[in-house]
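Order of writing sets the labels: A, B and C. Residues in every chain begin at 1.
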Amino acid sequence: MTYAYVLRRTLANGFAELRNAYTVRTWLLGWMLRLAAQVTFFALVGRALHSADMTRYLAVGNAVVLACLESTIVVISVNDERAHGTFSLLIASPVGHVPVLLARGLHWVLTGMVSSTVALVTVPVLVGTPLPWGRLLAAIPLMWVVSFTSYAYGCTLCGLVLRHPQLDWLILNVGYLTVMTLGGVDVPVSFWPTWLSWVSDILPVTHGLMAVRAVLDGGPDVAGQLVRELAVGAGWLLVGVFSLRRFTDRGRRNGTIEFG
Amino acid sequence: MPPAAPRLRQGGLLWWYAALGGARLALRQLIRSPGQLLTLVTSPLFALMFLSIAVRSGDRDLIVSAVFAPALISLWLLAVGLCGGLISGDRWTGTLELALVAPAPLLLSVIGRICATFVLAALSMVESALVARIGFGVRLTLHHPVLLALTVAATLMAMVGTASLFSAAFVLSRVALLFQNAMTYPFYILGGILVPVGLLPQWLRPLSDLVFLSWSGDLLRDCFGDPGHINHWPLRLAAITALALAALAAGAVLMARISGRVARTGSATLA
Amino acid sequence: MTDAVTVSALGRTFTGPGGQSYVALADVDLTVERGETHGLLGPNGAGKTTLVRVLSTVLLPSSGSARVLGHDVVREAKAVRRQIGIVFGGDRGLYGRVSARDNLLFWASLFGLGPRAAKRRASELLEELGLAERANQPVEQYSRGMKQRLHLARGLIGDPQVLFLDEPTVGMDPVAALEFRRIIRDLRATGRTIFLTTHDMAEAEAVCDRISLIDGGRLLLTERTERVGDLLAVGDRIDFTWTDPALIDELRVRADVATVTGHGDLPGRWRLVPADGSSVRDLMKVLLDGGVTTIEAAPPRLEEVYLTLVGSRGLEV
């Protein structure tokens, strides 16, 4: 009950900040257009190579990775807690900081679900490789799973950002660019040397994207990849919670938590 | 005996000092705030990403583009992000009003600061070349060193012009500020950073001609890609220079408007 | 009944980046009774905020112990957190882009208030602190004084028994600061314990029942506000205005005068401190006989005690 209400209020805060920054029009013309352009930018490479398969591969991969991109923006929202001076107040509250920080970027998960869906539906059409409707509808929920597993990954990044607040944008960018590079977004995981593909295995997106591609192409092992994606997400969530707790435990000891 | 009054320079020397002072400040700030070195960290990642696509496809033109794309992205991100935020950053710290009432024109110190930031774009080019060589065994051969030097110089000018235009626009309009992070991929497409502009629909071509990246990128790639004669290079260099001057003029006009607003209202608050 | 705050032999040491350690609090003993408004007064860097951080469970002590309403701040942090409210001065601690009401609803949820209770509590507080009219505006549009009232509302959201105010009037204009002090006095009437840190003498004198002076991490004294002056060895002093230096010289050599010093910014303003055991009345008569007409005698105020004990660092009167 308490946690549900904390979640609701944190989410309300998130959306209030979002509304303050964007109107529907500026969100569509500013943010959404940029994301769609990002997917198109990569898909056009396939066009330049005169390969419909490549175009579609890049369009799908880059649309799904948007879910990750937006979910990881949680690190900026959490870092804002420090900028606002509210971090110590959260720690000193009865519910504590962990539930709030875990919910702090959930609005990004929701907007990420919207933008990745819009991109997956529109960009393939735009670059001339439309996806079959039936399979597309089946693939979208899988992509939403990626939003959440990426969010768990983002929560781990939050642990890093709290320790190095001045590096917030750097951690965010390196965080999702790593996924974009190694997650099977532009080239299959098998392209990379073995040791790098191990990294791919524990990144969010990798398995979820394989599941999405399997659904779109009628490939096998959708359920297996989905389970792996969920396991990866659960793993990151555990690391994230541990890291947030450890941060405050240490902070209370060594006095690094700013007051006011 | 009272100490001699310091000699305050005027005219050209004042301008030169202001630009130099701006450059010094920018370099200091860069070293002190690791977050601003963002592009140096993301460039190798972009290089990895682009080169993986290009190498896997085996397309030679795409490989050359993939090596240059991260540097062009850095250039653009620096122009829009870091430099574009210069004046609005000053507004937050309250230093803008002080800079505006200083004897040297604001534009000069801003130009100095932007030039210093260009160092980062050059470094990201080096990084990208290293990733290509070490990671993928790709080597580029420079065929036209003189043209390369000219292109880099013209590009630097264009970056200064574009950045000063943005940095003034971001102060004058809240909407512009909002679109700051939207000014990435749409411009990478228009700038032909990875994919030739020729692939875009015809109606987008005039727009892409207005983005200096499309001219700079093409020339840079030609310097390395094509050992033979390069078509119309003087004209293409002139296009970059013209875009640079136009942007700089627009930037100067907007900055004059900011000064005017500060003089009238006492602050450079957003419209 | 347990006291609101009990601190015994509390110490806190920080280790700097170079490994050198720095003592922020040393051997602090302090008791704050329930319902008391207690002022912790000291210059910047004296350890005021460190003490509040420890009491509000944000920082662990290095030695000694602290209890809030009988709960140990280390072992029973959760119980402490349920019964305290924290109020910062300055702009930090609020979500600027979110409305005042939404700020409060959010914090209400962290104190375990359900949706309905949260709404009621938020409305009550907004009304009480005069923010109801602009409750739905983003906080960044608020004036400094309004933000501070919102801070207070935020601190009160969980109906805390103990309220910590850390330099609440920093950066406020005098009118807003006076208004804020009035609110604190109203709060005192509700029976809450208020623990206030400040380096503003007038503020401490205006609202506190008792005052502790802290400097260099050590508690120098704790006394009832009206009796702080008694602590100075020299009880009284006489301020007067006179321009003839002859009289001043004459006074300075008298056995019953300890010192005569220039006082205040204006020339001709003097302060005479009588020697131990001598009579203020006799000395005033001497002054009157010398022709002085502007005379004022009073026991020392908090300001003088502070100056004597702490010196003039960080003084704000």
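The criterion applied here is as follows: a contact is a pair of C-beta atoms (placed from the backbone, for glycine too) under 8 Å apart; a residue touches a chain by one contact, two chains touch by 3 or more.
Given the structure is predicted, the values throughout are model-derived calculations rather than measurements.
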Most centrally placed chain, judged by C-alpha centres: A
Chain separated most widely from chain A, comparing mean CA positions: C
For chain A paired with chain B, centre-to-centre distance based on mean C-alpha positions, whole Å: 29
Cα-centroid distance, chain B relative to chain C, in whole angstrom: 52
Inter-centroid spacing, chain C versus chain A (mean Cα positions, whole Å): 47
Contacts with 2+ other chains: residues of chain A: 21
Chain B: positions in contact with at least two other chains: none
Residues on chain A engaged by chain C in the complex (per definition of touch): 1-2, 5-6, 8-10, 12-13, 16-17, 20-21, 84-86, 88-96, 100, 252-255, 257, 259-260
Touch list for chain B against partner chain A, complex: 33-35, 37-38, 41-42, 45-46, 48-49, 52-53, 56-57, 59, 62, 175, 178-179, 181-186, 188-189, 193-196, 199
Parts of chain C lying in touch with chain A, wherever the complex brings them together: 12, 14-15, 24, 49-50, 52-53, 56-60, 78, 81-82, 84, 86, 88-99, 102, 105-115, 118, 138, 154, 158, 166-167
Chain A residues within the chain B interface of the complex: 21-22, 26, 29-31, 33-35, 37-38, 40-42, 44-45, 47-49, 51, 54, 58, 166-170, 173-174, 177-178, 180-181, 186-187, 191-192
